[in-house]
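To start, I am sharing the structure in question, which I have written as structure tokens.
Chain nomenclature is as follows: A, B, C and D, assigned in order of appearance, with residue numbering initiated at 1 for each chain independently.
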């Protein structure tokens, strides 16, 4: 009953085996090997267009360096007020990009387009004192388990385009969002106006596989230096490539995300059937936020369940009763039907 | 005949298998798992004292964050003028630490203690205009295959102590230096006055395993924030821990370094026997710098040998004749006796 | 009728003459001259305790370097959401300090102590992902013309002390606040728990005279390097010292602030008497925020009045009627009774 | 007998009076006043072409922000190894630009063109590990009192052009160099290929007047943000403008430099006539480096002379005998013939 985070899971066996298979022999370093190049071509295939791909060590690196690549002195990057870049990366996006983050409100973890437009308007390109808009970043799936619809991404992109700003997507849970929408990678990104993507593999069955994807390779040239200066250029880069190779093989990555989302569906369905617990808000990816009696939380923990109690959102101070608690449940490729059933039994 | 770099080798089978074994099951993230803690204790055992250990993605990260942890505004970090931090890290040490590097001369890739003392004296602690000394970093084994003797480290450390400066060791090839000296890890580090160590596993049989080691854990507290802000905190940290676990098991790391150095010994011995080639300077670790006829270099390449031609050191402009070239040969855990024999045959 | 900003005024004649008098002769550079030292002693006298004083070029520099001197990796500095450091300094505080700003709500331009305590609690000292509290900064007088009472400063200081955080005061309009409260400099700063002060002279009759004041000189040692590295160490530092010398002479600085506040009092009184205009909120320093008919604004401009229309505060969207506008009027040492009378006549 | 530095002198009376005259009345802030614009036009006249001008507080700011405006991740700025940016600015150029400095040798304080070309060649535009060339900066007059001839600037500029690199001139003593060469401002700058100039007025009779001059205004757009973020945008900018207004009036700036250089000529001539002292190397601007008996140095100091003893250049370890010392004498607009005569008398 490990629902603490999808990064508590290990590596899927097919990824692990592909990595093991790549461990022998010699290959040129720093991303120049044949395998690196083959996997880069795989990315182009997955996204149905030429892309520039940069492997990095962590999702924080992918987000921070993406934003750094579009920075300006006095620049402002806009994100949702619960976004990972704002809340959970220790200031890394600011540190690497020199661009401050400004947060934008929005229901269900998603930037409200009107609020975004209003906020961007406060930072025009000649605002030497206030600072000027530099980029927008959205998270897909969001930090609270919801997913931007294609139309919702369009709405954001139309604002960034109107303002001449690049649009970045934090795709730490890209695959979970993709299968939730039933869209193709292209449909959810560059066809919507995404310019740069943090493509995460780690949470969905890899050990450590994160990539920055530029949909306009012309704009990626500085990234070679930005990444190296950020100490994110792996010497044995092929070991990241190998993971992605296994990840993409025969659509494994989508299968894993489907499994993970499916386990979350089971959780959601089970919770809706109980009298004691109820969903805090609707989610469609592999995160489930649930309000349960404190006693049930203790029971579940006693039986070995792992999960985090979650802070009550500032915008919903009355969400939770005095003898209740808000918990986050995250499923992964490694979650089993038995895990779900056992957890639901704790709530009964 | 892959002699281009030790980072062209893959992973040793025992490291790969240990990693595979760790791929199943759930474990808490961000370095808090039981395996992370066990491996941290292993470091304490290896170094015969309590240490604080921080896994990072690359050697550049280990060096840069180590220097960042002892930075001061206007600070200067001193290194050898051929050091990796100065020559091959794209300014990352400066970027992360805000401390400039000042280079110091010295024969055979090693800082000359007198030159160091003279240079430090130019940057006293009240030198607001010049800047002030902040740290010293040495590379063990050096960039050109030599190794500081224990006495030579003592000589450097006595200067840093006299000046109240922390001493860092870039140990990207720590194990190779260790077995070349026949010293213990403790003897080559904190017993000599090393304060912080970049402990490299990647070049010696891991996929990606680098650690920052503080010999005074009290001084390591800021590193938690420095590392996270630098986007170097792995979520599935256990996959680094697992590699080190295999690496340390039954002294594997020392065996691999002994093998690697031994292959270099064979190269050195073979070259000394030829008439056509000769060693550029004496080395004892797994790097061999050799002056060979350009025609031999072409022959070797035609037969599939991989190696880099090396820039002529500024201090030795006449090192190489007009029809000769200087090449660097690096051996690794994966180098075979046959590789060495085949290469030597190219020189005959 | 120049009410656009107090930085539109020139220099008071006594400051200008003192500067002229100091223009002859030779003096040692970089803050070491006899005059520099005499003025530093004057600061100690004014504040009734030993202080460390650092002249800088701008208020932005004073604020940014103050916050930089107490920075930590992953640090957060807390300020009011309308603070100058957050709104009008192009990210300089973040740039120099490496610490992000987090904004706190509060009525009338002043941080609400409860909101501050709540916000700080979200960033404890071990919050590697979120970041950790590093400092608090308040503005006295505030950006919207109000002034923290001594008790209100106490309330903020008790929170910073309880959390072990340094407390900075942005005193760009320090003198205006001081005479509004009728307090001594000591009473409004270190006796309340202020650790570092940006002491502004420019807006109150100097040309360019800003100082960072540390109330604990032991904590000021790094500032020598921070300032020089920030390109803020004047060679002919005495020309700043001379301005402060004239500024402090016979209490000139307080007289100027009294005059400036007095002119604002006249504006406030006159506006309260009119039927057509009314004060947007109560202020006591040299800033007056007024809601006037748009037609009156045009009339005043036609007659040569200079002032800024001000954005409607997000928290008070209905503050202003559809044919009204919110304007900011700033008085200075150079504002005359006639200026005030003429402006009020435009509203009649 | 104040020969310590030209920044020990105060302000010339005509500059001081112009500043006094500008102290009355109101003017718009942050560089938008009529006077600011008039002085900007004066710069265009002086340089015989449209320019973009940015006032800043210090020469260090001018240099650092100039280099920051042409920075790249992993960038290297090349300067002479005795340059002010490398030796005396506490790392500010690196801090603001994120570009490391690499020093180049050259006789008499001037970059050797061949050495520059060689060094640049080590940092090509695709050198992700080493870093890449970003800019070149020369100092005119140099730190040791010499001056690049127009041909010598051409030689440097032809290298920067061939490499596609911007060329910056540190003109802290621009006027002294100009009158030494008898060239026009245009001839010594953009007609030679200078792209950006740090134009210093402080050392030559202003209190505080430094400007960054872009010869291609199109490339200056980012500087508005770079300067503000660097806390270098003066609110009462007109007080800098006023100084430059007086400085340029009727060629005052050139007269002052001629006087200053002339006093240095007298020193040089006087020293060459003595038996006891001799010039360390030939200089033509307002700095004179002299080798004198230690006893003469003590005598001069006893009589009130102020000067700095200078470190022996590393390249000329035998420059000075055991009972001699190397001193630097700097003249200024305020140096008198009597000062010179009195100093020379100390050597007799």
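Criterion: contacts are C-beta pairs under 8 Å (C-beta built on N, C-alpha and C of every residue); 3 or more make two chains touch, one makes a residue touch a chain.
Given the structure is predicted, the values throughout are model-derived calculations rather than measurements.
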Any chain that touches chain B and chain A: C, D
From chain A, the most remote chain by mean C-alpha position: D
Separation of mean Cα positions, chain C and chain B [Å, integer]: 51
Whole-Å gap between the CA centroids of chain C and chain D: 34
Separation of mean Cα positions, chain C and chain A [Å, integer]: 42
Chain B: positions in contact with at least two other chains: 73-74, 89-91, 95, 128-129, 131, 225, 228-229, 233
Contacting residues of chain D [partner chain B, same complex]: 73-76, 87-91, 94-95, 98-101, 128-131
Residue numbers on chain A that touch chain D, as the complex places them: 30, 72-74, 126, 128-129, 131-132, 222, 224-226, 228-229, 233
For the chain A and chain B complex, residues of the former touching the latter: 2, 4-5, 7-11, 13, 16-17, 19-20, 22-29, 56-61, 64-65, 89-92, 95-96, 202-203, 207-208, 225, 228-236, 238-239, 306, 334
